[in-house]
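Two complexes are shown next, each including subunit A; its partner changes from subunit B in the first to subunit C in the second.
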Partner chain A sequence: MSGKTTLKKGTFIERVIASTPGGERLVHCIQCGTCGGSCPSGADMDHTPRAIINMIRAGEREQVLSSNMLWACVSCYFCTSRCPQEIPITDIIYTCKRFSIAEKAYKETDAVALAQTFTGYVDKYGRSFEFGLATGYHLLNRPLKMMAMGPMGMAMFSRGRMALTPSKIKNIGQLQAIIKKARQIGAQQHAGR
Partner chain B sequence: MAEKVGIYVCHCGSNIAGTVDCEEVARWAGQNIRDVAVARDYKFMCSSLGQQLIEDDIKKEGLTRVVVAACSPHLHEKTFRRACQNAGLNPYLCHMTNVREHVSWVNNDKKAGTEKVKSLVSAAAERVKHQQPLEPFFVKVNPATLVIGGGIAGLQATLELADAGYPVYLVEREPSIGGHMAQFDKTFPTLDCSACILTPKMSEVGQHENVTMFTYSELEEVSGSVGSFKVKIRKRARYVDYDKCTGCGICVEKCPRKVVDDDFEAGLGYRKAIYTPFPQAVPRVPVIDTANCTYFQSGKCKVCSKVCPTDAVRYDQQDEIVELEVGNIVLATGWKLFDCKRLPNYGFGRLANVYTNLEFERLCNAAGPTNGKIVLRDGKTEPQRVAIIHCVGSRDSRYNSFCSAVCCMAAMKFGHLVLEKTNAEVYSFYIDMRPNQKDYEEFYQRLLEEGMHFVRGRVAEVTDAARRPEEQGKLIVQYEDTLLGEQKRLPVDMVILMGAMEPQADAKEMGLKCGISCSMAGWFTERHPKLDPVATMTDGVFVAGVCQGPKDIPAAVAQGAAAAARISGMITNGKVMIEPIVASIDEESCSGCRVCNNMCPYNAIEFDETKNVSRVITAMCKGCGTCVAACPCDAISGAHFKNEQIYAEIEGILWDAQPAAAATEGGR
Partner chain C sequence: MKYSYYPGCSLECNAAAYDVSVKAVADLLGIKLVELEDWNCCGATEYFSQDELTACSVIARNLALVEPELNQLVAPCAACYLNLKKVDHLMGKFPQLGSQVNEALAAGGLSYRPGRVTVRHMLDVIVDDLGETAVRDKVSRPLAGLRFAPYYGCQVVRPLDNGDSPEYPTKMDRLLSWLGAEVVDYPVKAHCCGGHMTQISEPQAFELIRRLLQSAAEYEADMIVCMCPMCQLNLDGYQARVNKHFNTNFRLPIMYFTQILGLAFGIEPKKLGFGKELVAAMPVVKAKLNGAMASSG
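What follows is the complex of A and B.
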């Protein structure tokens, strides 16, 4: 329970742990499957979160980083909140997503594009911009489906659930400075591995 | 004449030598510490050859002091003291310094470790020169024993001692002895009826001429020490005269007030406001639950008193404090069930047909609220499908990291009972199956044959929110079958949660009263986890059963018997050695201010009115030093921890600090 782990430097599991706040809990996994049972996207995943943790341990780097489960995760944090070993599973999935993008290990999935469009808006405005996200993402990736989304967009708009213009948070410069610093640290870690 | 000090640095195999250069320490000590006649390092000082080294050096080199740098004195101080004694040196002229737990096991840096050991050896050598020969003294062992807790472990300890002919006082908090085992239906793996094997022991204890029972009572206070403890027991008022009551039960039958029994029936059944917990209760004398008694609440009723044929009901009874003298104490205080409501995703308390393991024990007990019929909360519907969830509140770092040790087997016992008594399918959701004692694996095989389903996966949630038609009106268990790597849902009628065994809520407080400590998890700490599992760090206080850690009935019984065997040995021996490390008061210097009198945590200081001085009762003194520090006249000194011994130790440890070194050279 010390939180201190001795793992070989540069191994996949060590990289995942070092890149995730609280990631050292990963070694305590008892493979109980509470995460896999809890996941609302479980049916769409090629591997359950539990299996992914086991694959990280086994050093199955390519399999993990190319898994569709990383992109099926909806960040509901059910797995993390129920984990009896207090492993930050959702955050570990995020680490794997970053690795997957950095190494272009993902199989054809537009979820990556969606994620990048989303974070692009967050970088720019400090919060999500649904209208821009939906139109931007669909125009780039699946223009034909754009039309089908129309009625839902109209409904959301008419109920005040979606704005046509983005709204920016106050002092966006501060957030951008934080993000810039985080990117620097991330790049250093990536280079230093 | 200068002392001749022998220094012995133990390698402890590689335990110490792995991170400490023992040869270098011995070489350095021989050259740099004053008055050192011999300095050696050796692979295993505790071996007979190691001990022989010390004995030979005492005889041949004329050593007058011995320092052993090795493991904790808890383990081997006696060994080395004995070696000195064998060679004719007073054992208290030997000093151990712990360089394993304090250095090698907590350090990876060999250079730094070696330097620290040099300092510790130097400190020990300087100190030992000021040590004085002491003679241990002996106290008589009172043959009476106090056993706290009337569960199976406490009952076993009680019977072993009573059968050996020694008096036993048994204290039980509940109105009857029996403990959790009295609630169970069957016991694994043999499936013999729990009551059938427990109640004979209960009645034997109840009728034993050497046993005095205090039920509905609690330990109030402990003073004294091994061989002669003084204890105070609070006998809570039962409101029934223990001597007059014949246990006929008419009062219980006629009592008009019925309340939910949250204790014995785990909330599934009812009892009266005047009650005995169960039919085979020992003693048969009922108690009045004043919080629910109509008379105590509104001043009217008195039915019990009116119907009692022996006029035994006493509404004005008060708690009574009983003082006893005993030689030894056994703590067998057991466990409590994890509050399953703390895991809201399993729905206990919210979804009617989610049960705890204790509830289910009552449900399938022939003497329980349903007469042993396994039915849902509505009291009539037999379940078609039952899910048993393991590890609820155990193996969970948020609640209890430990494994509760009994749940795998208990779950299979439940599975067997459901299969035997109903037509239901049974599913066990486990993380790891741990049937690891005699005949347990065979029991697992038996349940596999009987068709119990075993699914490897901790359940994510139990819900009543149906998604599919077949889930309507059911409890749905959602889980990952981890062996298949698939997420699944299973509609069931009944869910049994295998709640963890937890330390009693007041375990820490109880430990404090008796001078013993609890582990991080809250279980009582034994003297040694492998080699001394029932003794504790406080002489004369023993632990048995689950209060020491989760275990099943056979293990609890074995510990109860083991504690009794240890105590029997002490009683047979008749006396016990007391360390002469005690305080003493110089009557010439004592001003009679009595500051120390009230400060002593062991009540070991008395006041002599005629001489107007305080005096230490050596048999009760633990050598803690509180009075030594408190005395305004410097009249009290603690043997083995005298000022000059401690100053010398400090100077020794600071051997390489310049000012201290200068002071040592110049003075003293």
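What follows is the complex of A and C.
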């Protein structure tokens, strides 16, 4: 392989690569399909990981960022682990998820609301909060599903497996200062691109 | 042997059985676990889906808090384990990201030098650092007669190396065999439990759970032994709903490997969190171990 591939700044593929540690491997995809064949969620995806990689190369930004494939990924890392070209596929999918959220390109998925509810608890308490997730998130997104969850919720609760209040770390101020700074750096970097 | 211990949010409540059994087993084996002071949530997969730098910084706070005299951090949860290990790895391999994370940490008066802390999973500590003889020496209640399906899930064996195969791991197989148990060699032991998908798309999640239960049942396992609270929750907590969804009749207890280890070490099942699982394990344990369980709960 001869040196570095130069990609035009600001193109979709260049943005994906620049936002993914090790993402430059993406250009070496040989479309073998090992990723798609390894994916446990392949049947639920409109495009397989292999197709998504090629669509990124083709600059099909909107199709990639609106694909349900991003949200069907379960982060099992089989594709990443098996890729003969050592492309960090799972991490590339994470990058596309971030772009999809930033551009509000996602369609009909509760994954974004779940992610936001989850990290909302982390930002506020420093810990996740399963009961809050199970109630707040479901009340907003799936009230009917919450009814179906009833018996399971009761079974968990009766075995002491569900806390009704979140726990909170002591130095939440420190964590929040770190989060604030990280977001600032991220915003500056984004503005500079 | 002294390690910093990162329990993670699940072990506080939903997976309390994992926490108590990790501690009970560690105590018996002479592994000293010092809980990381004021640890915070690793963000699971949810932070990485939104903001990479913040995800890394939130995780790195934990690495930065590890006491200077300790250099190993033990996490029993697969998601916590991977997140902590991944951030250490990324900060070392991508210095620009590393310095940005440190810039964020500095806002909280902290810093972290990649490589200072080695992140370990509890299974690796027991199998690699202690090994066969140390484990066999403590077995007072051999588990002969019980058939276990060891279940590894994803994020401990992939994508970062933990000294086992990412395709066909065997560490837990070996550990369970040291306890005198029969170990089921089934093909999906490192396949996915669905992770957070139970919260997003039940049909997709239920199919992944069904594949695991079905394979373990076909190989006539008495129970599935796992090493991650998410796997346990999906396979145990959702088992009744999966049965309803597919009109199946699986009844497989899903237990943490530390609970099984403790059982073989003669610890009282209640002290290992037995009974917190939705699909009860004690009936099959009692039926298979006969006299060995006569004296305990």
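Keep in mind that, in the parts below, the second predicted complex is superposed on the first by the 153 of 193 C-alpha atoms of A that agree within 3 Å, B and C clash if a C-alpha of one lies under 4 Å from a C-alpha of the other, contacts with A are read in each partner's own complex, and residues count from 1 in each chain.
As a convention for this text, a residue touches a chain if its C-beta (ideal position, glycine included) is under 8 Å from a C-beta of that chain, and two chains touch if they have at least 3 such contacts.
Note that the coordinates shown come from a computational prediction; the quantities given were computed from them, not determined experimentally.
Peer 1: For A:Met154, decide between first (touching subunit B), second (touching subunit C), both and neither.
Peer 2: A:Met154 contacts neither subunit B nor subunit C.
Peer 1: Return the chain, subunit B or subunit C, that is in touch with more residues of subunit A.
Peer 2: C
Peer 1: So in the superposed three-chain picture, is A:Ala58 touching just subunit B, just subunit C, both, or none of them (first/second/both/neither)?
Peer 2: neither
Peer 1: Considering only touches as defined above, state whether A:Arg50 meets subunit B (first), subunit C (second), both or neither.
Peer 2: Only subunit B is touched by A:Arg50; subunit C is not.
Peer 1: Which partner does A:Glu86 reach: the first (subunit B), the second (subunit C), both, or neither?
Peer 2: Only subunit B is touched by A:Glu86; subunit C is not.
Peer 1: Scan A:Cys32 for contacts with subunit B and subunit C and give back first, second, both or neither.
Peer 2: In the superposition, A:Cys32 touches subunit B alone.
Peer 1: After superposition on the shared chain, which partner residues are touched by A:Pro21: those of subunit B (first), subunit C (second), both, or neither?
Peer 2: A:Pro21 sits against subunit C, while subunit B stays out of touch.
Peer 1: Touching A:Gly42 in the superposition: subunit B (first), subunit C (second), both, neither?
Peer 2: In the superposition, A:Gly42 touches subunit B alone.
Peer 1: List the residues of subunit A that touch subunit B in one complex and subunit C in the other.
Peer 2: 78
Peer 1: In the complex, go through subunit A and note every residue touching subunit C.
Peer 2: Checking each residue of subunit A against subunit C gives 19, 21-22, 40-41, 44, 71-72, 74-78, 80-81, 88, 90, 94-95, 97-98, 101, 109-112, 114-116, 118-119, 121-122, 126-130, 133, 137, 145, 148, 151-152, 155-156, 159-163, 167, 169-171, 174-175, 177-183, 185-186, 189.
Peer 1: Please output the residues of subunit A touching subunit B within their complex, sorted ascending.
Peer 2: For this pair, the touching residues of subunit A are 1, 28, 30-39, 42-43, 47-48, 50-51, 78, 82, 84-86.
Peer 1: For subunit C, which residues are in contact with subunit A within the complex?
Peer 2: By the definition above, subunit C touches subunit A via 9-10, 12-16, 38-41, 43-54, 56-58, 61, 90, 93-94, 97, 100-101, 103-110, 154-155, 158-159, 166-167, 191-192, 194-197, 199-204, 208, 237-238, 240-241, 275-278.
Peer 1: Provide the residue numbers of subunit B that touch subunit A in the complex, in ascending order.
Peer 2: Listed in rising order, the residues are 345, 391, 395-398, 401, 431-432, 456-461, 478-482, 485-488.
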